Amino acid sequence: MQHLLSMILFLPLLVAFTMGIFRVSIETLRMVTFGSSLMVLLFAVVVTSYFNVEGGMQFVHNSSWISHYGINYSIGLDAISLLLLLLIALLMPLIFLAIWEEQRKGYFYNLLLLQAGISGVIMAQDLILFYLFWESMLLPIFIMIGSYGYGMRHFNAMKIIIMTVFGSMSMLLAIIYLGYTHYTTVGFWSFELSNLAQLAFDSKTSILLAGAFLLAFAIKIPLFGFHTWMAPAYSSSPTAIVVVLSAIMAKLGVYGLYRFGFTLFEIPLGFYTPYVILLCLIGIVFYSIHAIMQRDLKRIFAFSSGAHLSLITLGLFMTNIYAWSGGLYLLATHAIASAGIFLMIGMLGRRTQNIQIAHLGGIASIAPRFAFFFAFFALAITGVPGTGGFVAELLIIVGAFKYHFWVGVVAAMTMLGAILFIFWTLQRTLFGTTQEVTKHFGDLSAIEIGILTPLVIILLITGIFPSLLLDFFDASLSTNLEAFQGGVK
Amino acid sequence: MLSPDAFLFVAVVIFAIGLIGLMLRRSLFVVYLSIELMLSSVNLILATFSRVHGEMGGGVVSLLMIAVIAAEAAIFLALIIYIYRITKSVDSQSITQLTHKRDEA
Amino acid sequence: MEALLSLIVILPFLSATILGISYLIDSKKNLSNTYYATIALTTPAIVTLLSFVLAFEISTMPHDTPLYAHLFDWIKVGQFHIEMRFMLDRLSMIMVGLVSFVGTLIHIYAVGYMQDDEGFGKFFAYFNFFLGSMLLLVVASNPIIMFIGWELVGLASYLLIGFYHKVSSNITAANKAFIVNRVGDFGFIIALSVLFIALEGKGFDFEAIKEGIEGLSSSTLSFVGALLFVGAMGKSAQIPLYVWLPDAMAGPTPVSALIHAATMVTAGVYMVARFGFLYNEIPHIGEFIAYIGAFSALMAALMASFERDIKKILAYSTMSQLGYMFIAVGLGAYGAGIFHLFTHAFFKALLFMGAGAVIIALHHEQDIFKMGNLRTFLPKTFITMLIATLAITSIPPFAGFFSKEAIINHAFLTQHYTLWIIAITTAFLTAYYMFRLIFVVFFAHSTKTYPHLIPLGKMIIYPLIVLAIGSATVGFLGIGHGFAHFVALPDRATPAPTHLLEYGLMAFNPLIAVGGIALAYRLFGTNPKPSKANIPIKALFIHKFYVDALYDRLFVSTLRSLSLFFDRVVDAKIIDGFLGLLTGGYRHLGVKLVSLQNGTVKTYATYIIFSVSLMSIALIYILEAQ
Amino acid sequence: MESIIFFVLAFFLLSGAIMIVFCKESIYSAIGFLMVMVAMAGMFALLHHSFLFLAQILVGVGAVVVLSIMIILSINLKDENQPQQNIMPSKIALTTLMVAPIVGLLLYAVIKADFTFAPIAPNFGTIEAMGKELFTHWVLPFEIVSILLLGAMVGAIVLSHRRLDVKS
């Protein structure tokens, strides 16, 4: 039980290296990777079953790694990390199923590394460890966009890596400074989150440090102004990567803010709160309007992701229980919905070799199942009641009104924002008459339905019985919120 | 009686002239001769210090240096001929193989 | 009883799911229409039965003890505690009965109407889904659950308007409907949130709100009330959010009958009545609602008078009648408003279904000026539609007379004479445009024949007859305010009229209507011609006051150009431009440094010497310093 | 007497150096180089390094200078092949300015250190003493230099026999 988390973390790595050393055939590779992702899912489910909702940080494992600088292999989970871990564990088998036909081995290796990196980010309790995984999950993405992507893939891969690394460099500096300060004030080196949280800084330093962390996460999320890597990267990415990018990676920015930002810097983040909220509000409106005239399905939903992530971040920064619950709920449900939509865009692209909206249309009349699932995920993104997105948006909006009236009004605009472009997109993609590329559009196969159905079911359950999930992280959230508010006072 | 300073002064000045020649002139011959000049000035310094300390080590090194000068002369002159045969000139500016070439448009 | 109440909502969703999955699995079209029709019809029939059972139960109980059915806790976060709980009081009982009864009839009608459509199964999946959502809306015990139903009926409406999805303009209409509705919902959700925050900790059920609002300031309440009404504007097609309703006629006719006439569009009225206790605190907002309703009624009537599409005439007529309802609920006569809602559901559904019968008989012809003399060919349709038309023009003793008269008189008695004049004018116009339709479609061109007329099936005709009986009789429920007393809504007090005044008013309304009929007969009785836009004011009416063009210019084009601006200027020029300055600066520096590396050895030697000389200076300095 | 000899040698040394750098024709530079080497040999003699004196004359003058002159003459540069370069006063000033700190540092060190000649053994600098020193303490460098010379020889041969069509 103690090592379950480590197994989740290292199984994909182990599989990747073993497979790489033996240079197995593509058939074996896809079987084994799929099997390993199922194993990870199983482990994650086991972890969940042993998880104590009231228990705070659990499954903690701590062993010394680079002892001279106090860097430890320190991992653990609380409810929110567990939620993210479940998400990635659930999505990976689906992604492997979705790329079943893929002949290039690099896909599988990179995805395995990516899974390990993301799991590491979620579990890490040591800042250096966190940083290590944070950067290592970027590499597979860089490689995959660069080698298997579309369009201006090299440029876009460079753009995403330069912008995100720029942010994480500032974070690294801050991390090292924190560790050094711990050394000078306490007497020994440590990068353990719980230790660093005890440090006290004068206000100017802490604002700078918080800013450095914030920059890294703001680029990753991305908030308005740091977003120009987003649409190009999404449009150049292969399906598997775009699913991970939108469903998990972007969320990790928010997670990082929650886990590290709010634990380390309660007070200085208060200094940034108005600005971040402003950026989020601009983002909500800006991304929605921006998406209207995009011509490429991936870019449209990239901006939709951006708008939702702004909303999640907004929820996080308003620091009341409604907004936090809503933000985390949206984090989960939007991950599922956007994974669904991007998987479907991948399926669409495989059929038509073309995801330019202008060339699509009429799919509903010859492929009703495809149309149903596509429309379902699109509507789930707009937050139609009955899907989890509605619950989340409702909570965030209520929280926003609790925070400030006008913030609430703009936050409520998400209800308008998403539909502006999504309905027009649906019209041009699914409805109308068929065109050249959609004339022989094949409906979804049984496997594809198998991939998508779990996501649909999850979205429906989260929409109809939200208390199931909300109660799950309510305890963690309330505790952290109280701690945070206590810190501010 | 001469002081060592006099010798050293002379050596330093010759060294400086060698440096100036190295920077100032483009002709490979002059560059070569400037380098020889500097080597010789170092030689002189070695000899002087050998005398200052009354030990033979400096002199021996100086002797070895003379051999090095000879070797250097052989190589350098061979190179000059080589370059001359390629470029038909002994201009140091004509050798630009080390330049950074922009490969993208 | 509780289980029955839950079943009312759950059953339609269940059958919608079954139908939907069957339709999706059945890609080879092996399942017959009978399979779908059986499931689709059983559900509303059972729901209707259940609702009658419950109605019996409710009407024997005192009016202030509603029936509750608690399903599960929906959300419980902090003070935000929303239960999935249904409430059946007399108001929702009326609505449940109405929706399920009229819904059942329209389902039957739709089986006949959609018989040849390849999306038969899908249609009924949507239809049952709508029914469930509408029932969820009306039995919700708190505004959040109500809002869920509110949104879901919008979604169902979107799906059904765009049912013929191969024609892109239909989808445009569907999008318009959904988006405009969402604009209304935007107001709704803001109102709910503000109300919740104001009442935080006191619970959010309707009863809790009723008790809670007493402590709130009038300005908060006015704000909430006004924004709630914005939601109603969207759903119930009032100025300025009415633009979607005429376009929504792109859907199949049963959809127009069920959703865009009888049930969904009246949700706004229902909501205002549901929040009657709140609007009673803020009568000035109520007046505002009444004026919006009045102007909508008038404007819709004017547009209907010049419309040529049979369904759009009825759509404007719906909007106009909804305006009447808002006059009533705005002035605090909730009972009268709901009564008009009730009667209107019968005759407007009937009108749409009759129009649908005509349309299907004529191979999907919708222009009334291409019809005529149909009374000889479609006698049953003619009779039933005539009854409905008499009802809507408030000719006694048909249903509309009682309900509309109550509203118009209420406006007069509460001394809102402007409203009264508008209402009377609209009544005149209603009679005019409705009989214009009847005359043009059924009387004119008395020699016209239709060789290729499609015979109408029983499934289409029988519901018409049932509804015609309803349209003729349900008005009597309202005699002596019986209906209003039964519903027991918190009506604001009205001054009692003298008998003379009462009878005067009662006689006045039918007279006005008869005037309208006479005008219609004079213009369209024998040889009708479509109106031409020969004078500016007519052009204004024919072009729908240019509102569509205005909205298009104001919102659609602006958003599109803004989107392009964001893409091409903000992103590409400003943000990437700024980043470009950074990266470009880096690159330029690189280019500058590259020129230092010019490949000539001499230059490199110079660098070395230069560096050495710098070091020398430093060394001298250091040595001197020691 | 020694001082006079020193100044004469120093004069030749400096003027030879200046000739190397500032003469336009390569052959004059070579003559300047000859002067430097000879004067340098004289300097060695003044420092009682008789063997160095001999080696400098034999190797420096006899081999290096002669080889240089021979190469210059054999290439026989025409004017158009000469680097077109005017020695501009401003450039001289600039390079001098750059060199000045180095010279300054060295002179500074020399003045500060205040060296004096130590008394020397009678056989200082003789062939015998040098040989002894060379083969007792300096065998390894001596061997290394011999290898260096071998390498230089091979290198020079390879370079001069290299085919010319490698680069255009």
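We just call them A, B, C and D in the order they show up, numbering each chain from 1.
The rule we apply is simple: a contact is a pair of C-beta atoms (placed from the backbone, for glycine too) under 8 Å apart; a residue touches a chain by one contact, two chains touch by 3 or more.
Note that this is a predicted model, so its numbers are computed, not measured.
K.L.:
If every chain is reduced to the average of its C-alpha atoms, which one ends up farthest from chain C?
P.N.:
D
K.L.:
If you tally the C-beta contacts for B-C and for C-D, which one comes out higher?
P.N.:
B-C
K.L.:
Just the number, please: Cα centre separation of chain B and chain C in whole Å.
P.N.:
Chain centroid spacing, chain B to chain C, equals 95 Å.
K.L.:
Taking the mean of the CA coordinates per chain, how far is chain A from chain D in Å?
P.N.:
Using C-alpha averages as centres, the distance is 71 Å.
K.L.:
Between chain A and chain B, what distance separates the C-alpha centroids? Give it in angstrom.
P.N.:
Measuring from centre to centre gives 65 Å for this pair.
K.L.:
Could you state the distance in Å from the CA-based centre of chain C to that of chain D?
P.N.:
102
K.L.:
Could you list which residues of chain D touch at least two other chains?
P.N.:
Each of 98-99, 102 in chain D touches at least two other chains.
K.L.:
Where in chain B do residues touch two or more of the other chains?
P.N.:
Touching at least two other chains: 19, 23, 26, 92-93.
K.L.:
On chain A, where are the residues touching two or more other chains?
P.N.:
none
K.L.:
Judged by the touch rule stated earlier, which pairs of chains are there in contact?
P.N.:
The list of touching pairs comes to A-C, B-C, B-D, C-D.
K.L.:
Inside the complex, what are the residues of chain A that reach chain C?
P.N.:
162-163, 225, 227-228, 231, 286, 289-294, 320-322, 325-326, 362, 364-365, 368-369, 372, 379, 384-386, 390-391, 394-395, 397-398, 400-402, 405, 408-409, 412-413, 415-416, 419-420, 423-424, 426-427, 430-433, 443, 465-467, 470-471, 474
K.L.:
Give the list of chain C residues in touch with chain B in this complex.
P.N.:
Against chain B, the touching part of chain C is residues 594, 597-602, 604-606, 609.
K.L.:
Show me the residue ranges of chain D that touch chain C in the complex, using the header's touch definition.
P.N.:
98-102, 104-105, 108, 112
K.L.:
In the complex formed with chain A, which residues of chain C make contact?
P.N.:
My answer: residues 20, 23-24, 27, 72-78, 80, 122, 144, 147-148, 151-152, 155, 158, 162, 165-168, 171-172, 174-175, 178-179, 182-183, 185-186, 189-190, 193-194, 196-197, 200, 559-560, 562-564, 566-567, 570-571, 575-576, 579, 583.
K.L.:
Looking at the complex, which residues from chain C come into contact with chain D?
P.N.:
Residue positions touching the partner: 606, 609-610, 612-614, 616-617, 619-620, 623.
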